[in-house]
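Letters A, B, C and D name the chains as they come in the text, with residue numbers starting at 1 for each one.
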Amino acid sequence: MARITMREAISQALWEEMERDPDVFIMGEEVGVWGGSYAVTKGFYDHFGGERVRDTPISEATIVGAAIGAALTGLRPVAEIMTINFAFSAFEHIVNQAAKLHYMFAGQMMVPLVIRTVSGGGRQLAATHSQTPDVIFAHFPGLKVVAPGTPADAKGLLKSAIRSDDPVLFIESATLYQLRGEVDETENLIPIGKSKIQRQGKDVTIITYSKMLETSLKAADQLAQGGIEAEVVDLRTLRPLDMGPVLESFKKTNRAVIVEEGWRSYGVGAEVASRIYEEAFDYVDAPIQRVAQKEVPLPYNRTLEQLALPQMEDIIKSVREVL
Amino acid sequence: MEKNEYLELFHQMILIRLVEEQASILYQQGKIGGFLHLYIGQEAVSTGIISVRRSEDRVITAYRDHGVAINCGIPAKVVMSELLGKATGASEGRGGSMHMADVKQNFWGGHAIVGAHLPLAAGMALSDRYKGRDAVTICMFGDGATNIGYFHEALNLSKVWNLSVLWICENNRYGMGTAVERASAVSEIRQKAEGYCIPNDCVDGMDVMKVRQATQNALETVRKDKSPFFLEVETYRFRGHSMGDPERYRTPEEVKRWQNDEDPLGIYHKYLVDNQICTAEELDGLEKATNHEVQEAVQFAESSPEPAAEDLFKYIYMQPE
Amino acid sequence: MARITMREAISQALWEEMERDPDVFIMGEEVGVWGGSYAVTKGFYDHFGGERVRDTPISEATIVGAAIGAALTGLRPVAEIMTINFAFSAFEHIVNQAAKLHYMFAGQMMVPLVIRTVSGGGRQLAATHSQTPDVIFAHFPGLKVVAPGTPADAKGLLKSAIRSDDPVLFIESATLYQLRGEVDETENLIPIGKSKIQRQGKDVTIITYSKMLETSLKAADQLAQGGIEAEVVDLRTLRPLDMGPVLESFKKTNRAVIVEEGWRSYGVGAEVASRIYEEAFDYVDAPIQRVAQKEVPLPYNRTLEQLALPQMEDIIKSVREVL
Amino acid sequence: MEKNEYLELFHQMILIRLVEEQASILYQQGKIGGFLHLYIGQEAVSTGIISVRRSEDRVITAYRDHGVAINCGIPAKVVMSELLGKATGASEGRGGSMHMADVKQNFWGGHAIVGAHLPLAAGMALSDRYKGRDAVTICMFGDGATNIGYFHEALNLSKVWNLSVLWICENNRYGMGTAVERASAVSEIRQKAEGYCIPNDCVDGMDVMKVRQATQNALETVRKDKSPFFLEVETYRFRGHSMGDPERYRTPEEVKRWQNDEDPLGIYHKYLVDNQICTAEELDGLEKATNHEVQEAVQFAESSPEPAAEDLFKYIYMQPE
């Protein structure tokens, strides 16, 4: 076991997979000479060369589109879209091409593609650059959407994503790269589509993913001091959504708070809450609470931005309300 | 070129024509649904192009894909079955008219979002370059498709990365009801290639021999330079954009003129007879045989089973959970 | 009162607004000479001329982007995106530009823009052309999303949308253009952001919108023959979402079925169900049911396509389950 | 041109330079957050361009917008306040460095999604054409922006509809860390205009007088032809792309050379003195005064209030429900 950062974990996964399989390559803006705008691919260009670490023009649609073409014809591209906000410029190719070719041509084509991107606010980048629209990508069957919250999960899930024969949108958090966690040196492939209990508890179930896992765990520690033991379930994958551990935990605690960084309306929490009500109705002791971003385009000003983003205090408050 | 090769070109062109005419009938009978974009009038384009591609050369096109599908070797009955949404169709009834493909034949479909397949083509050529395969990706699209951003990004990338793509624009004068000059800054589509310093050419798309020659030259250039080439093919769509096109954007006279003076089948027929490559009788015989082939295709399609209801969820993922 | 089709109602709204205000104009693919790919703007080109009924190149991003620029500078564009599937190619400009400029520049700019588009499946257009992804657009604050289900609502809401100073995504249904309904000749501006009870009932509340309103009303008639009186609430607007009439009805029936044409996961039903549980928890007598599209890219084959789409029978079945 | 006009140009250029140097200090102090894209080295570009635009001519640019903002008449203190996220800022603290605008001055911002503002510019020009206003929309963007689809669609539309847009590409040799020739099929960006048959020109962007002249000519052509024009401006970014740029993509020597030989301030300073338009002493005095102006701007910004918390939901809609 080594204690490494999220950045290192993701970087290791990419490095190891590229060493393992010559068909794995990286393409995207500033992934090469620059070393990745979040320094995730630092050193890759010098080691693997420009053929396998390809700097692209600013052409999001074609970064994804060309990666699809490469995936269709035998390669395993890891396409990087600098931030998920720019994925809007590649939206057609992500949800309408990558997600549908396998089905539409009756299995003749497969798209073993990973699209790495970065979601989340809190860095004062203003409205167009600070979004957490993960949920809208998870709406499309044919696409797999992964969003880890710990270094170990990030490494294990990214490796699985690269080896998967289906298109995977791999969402990283802009404010988690420095997060440290235990990652075992021995290879550990974590299956896509499995939620995980990240903290044991008996009083209430907090369901979350990505950045908000960190915040939720902090909230749980706080609550513990007040004698409240929260169980924290990490979705890890938004599609396919694994409700197993969520329901298991909920049937034990009968109370839930769902936490996400993105906007509340039509967000991840809505689906998870609905599924709990549908599949564990008789276990519900209190209205399930949703903690999410206030419904406003994120402003640049730090105070306003933090006011709009979900905070640990919001989680604690919601937990107290469901108890 | 051997006589049988000449005849095979004629066979493919007439086969496309007859399959399309049958399809339009089946559409009126309600046996084909969705959109149906007929290729009638443009048969010489795909027939000429595909006739000179090597098996390792990849082909990808837009939704007006029946002709390309047939030229790439998808049997008429398999095309017809797909049109009827049958399990025996090219895409087992999932794709329909706009989404035919046969990956074994290196034909990658059949794509319905205008221009969206151009980046895919660049990526396919990237694979071949990456793997050191000496193959060309032939990407066909319409004049209207050259106005969407995907076109720009894909052509730029192909040049920056020196990808072996043969970009082929089928300029049939209209994108749905919009004439080229009403939608494009340049009416000579090849001019757009200048913006990327991609070498280019333009050819008469109603003469299959000319298309064949121009494509051969273009493919050689791509293989030699290991970088993209742009070929504009001037052609014309004899039928509406899809079924039920009011056709307010052009006069019946205009269409008539093209059908009379520029029918690719008539032009090639004349070429074959004038050059004494074969007799009119031989061609009549070939047409009859082809007609029979198409009737069989329709029977095959009509008698084929529908995809099984329990297979609705098949093919969503390679690894479902 | 005249009994006209949805197509006529939408066409009338456009025509009357263009007659009323010279700054209103239409731009999009095939809106002019062709008369609109769904024949909604038939005759407009000849009457209003090419300056006000502008055929565009196939450039979705720029159709919306240029319309935004025109809206910023004093015009009231009605931009048409032929179908919502092609709106993916304009996604950046719809959710990241139109929806944010007013906020990001602190009110200096306003975007009085209407984007008309067509959603829904059932026409055998296959996976890329048959989607009902309305929900993903409704996720973005700053945008208003309207999706009427009757000719009267379509006309009244479209007029309000054109006069609104905010960007409005106006979603029509591909299979509702022939639907007939009463529309009064006298001008009737229907406010955006107001749900409406379209059928009175006491036993169960069916919440729906757009195409599924028609299907739900049919289901309600069927149920009535069995003595079950369903109240049908039409959301009409997805953002801002008006829960008023929904909650009012639910507090009376204590049972709800939410019906949408799109995919279930992360769909409209999830949000509406969550809101009901949050705001009327004590009134819930049975788990709220969601009727939606099966999670598969829509196939071309008619039988399979209909199998995937929500049917009247599914609604009836769900209603019986909540009772 | 009057002496005071010459001096005003110098004043604007030095003001931009000093505001940005201050900004980089405040950024290091953590008083400015988010991204900060400095314009240092490119001052002559926007200063020359804006100096010849008429008040009815609209201006829109990308996120590297402080210079344009100042040239368009946003006071330094209002720019500085926006950088600090204050209520007195150009966008009342909502937009930050990348989103400055002053609609009253016909400056339409400050846009952070690469290339996404080009279609907006086409639409603004459409308004003016629709209303019969004789105005030009000046749209500025970087070399990297010419590779995204939005560029292609916007330029094509501007030509098809004969919109009065002056497209200006600030070619500063890099898009982040990617050199033009590594991302663009053509290194002479103006070549891209040929694909749309849009008349074009190229000018040295380090010499404000040349930029001014080239812009004047370009604007005249647009007004005369009532159709778009493309101007490439060759310039160089002296600082990193944004704060914290590792700058692995270029050598310190390369940067040094440009700073020494091509500093737009130095070049214009020499021009003014050599042509005896004014003395070095006058310019020193002007610089001191400007320095003072910037200090005041910082004080103003620092002492300005933050936007009120209760205003978080202000400006989402013109008509909330």
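The definition used in the following text is that a contact is a pair of C-beta atoms (placed from the backbone, for glycine too) under 8 Å apart; a residue touches a chain by one contact, two chains touch by 3 or more.
It should be emphasised that the depicted structure is a prediction, and the values quoted were computed from it without experimental measurement.
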Any chance you could name the chains that touch chain C and chain D both?
-> A, B
What chain lies farthest away from chain C once each centre is taken as the mean of the Cα atoms?
-> D
Starting from the mean Cα coordinates of chain B and chain D, work out the distance between those two points in Å.
-> 46
Can you give the whole-Å distance between the Cα centres of chain A and chain B?
-> 40
Centroid spacing, where centroids are CA-atom means, of chain B and chain C in whole angstrom | 36
Which whole number of Å gives the spacing of the CA centres of chain A and chain C?
-> 30
Expected list for chain D, residues touching two or more other chains, is 91, 93-95, 99, 113, 116, 147-150, 153, 156, 160, 182-184, 316
Of all residues in chain C, which are in touch with two or more distinct other chains?
-> 56-57, 59, 61-62, 85, 89, 92, 96-97, 103-104, 126-128, 141-142, 295-297, 299
Once you've mapped the touching chain pairs, tell me: line, ring, star, complete or other?
-> complete
Within their complex, chain C touches chain B through residues 29-30, 33-35, 37, 55-62, 85-86, 89, 123-129, 294-297, 299-304, 307-308
For the complex, which residues does chain C have touching chain D?
-> 25, 51, 54, 56-57, 59, 61-62, 64-75, 77, 92-93, 96-97, 102-110, 112, 141-142, 144, 164-166, 193, 240, 242
Mind pulling up the chain B residues that touch chain D in the complex?
-> 147-153, 155-156, 159-160, 182-186, 191-198
Spell out the residues on chain A that touch chain C in their complex, using ranges where they run on.
-> 85, 88-89, 91-92, 95-97, 99-100, 103-104, 126-128, 133, 135-136, 138-142, 238-239, 241, 262-263, 265-271, 273-274, 277-278, 281, 286-290, 295-297, 299
Note which residues of chain D are touching chain C in the complex, please.
-> 58, 91-95, 99, 101-103, 108-110, 113, 116, 118-128, 130-131, 149-150, 153-154, 156-157, 160-161, 314-321
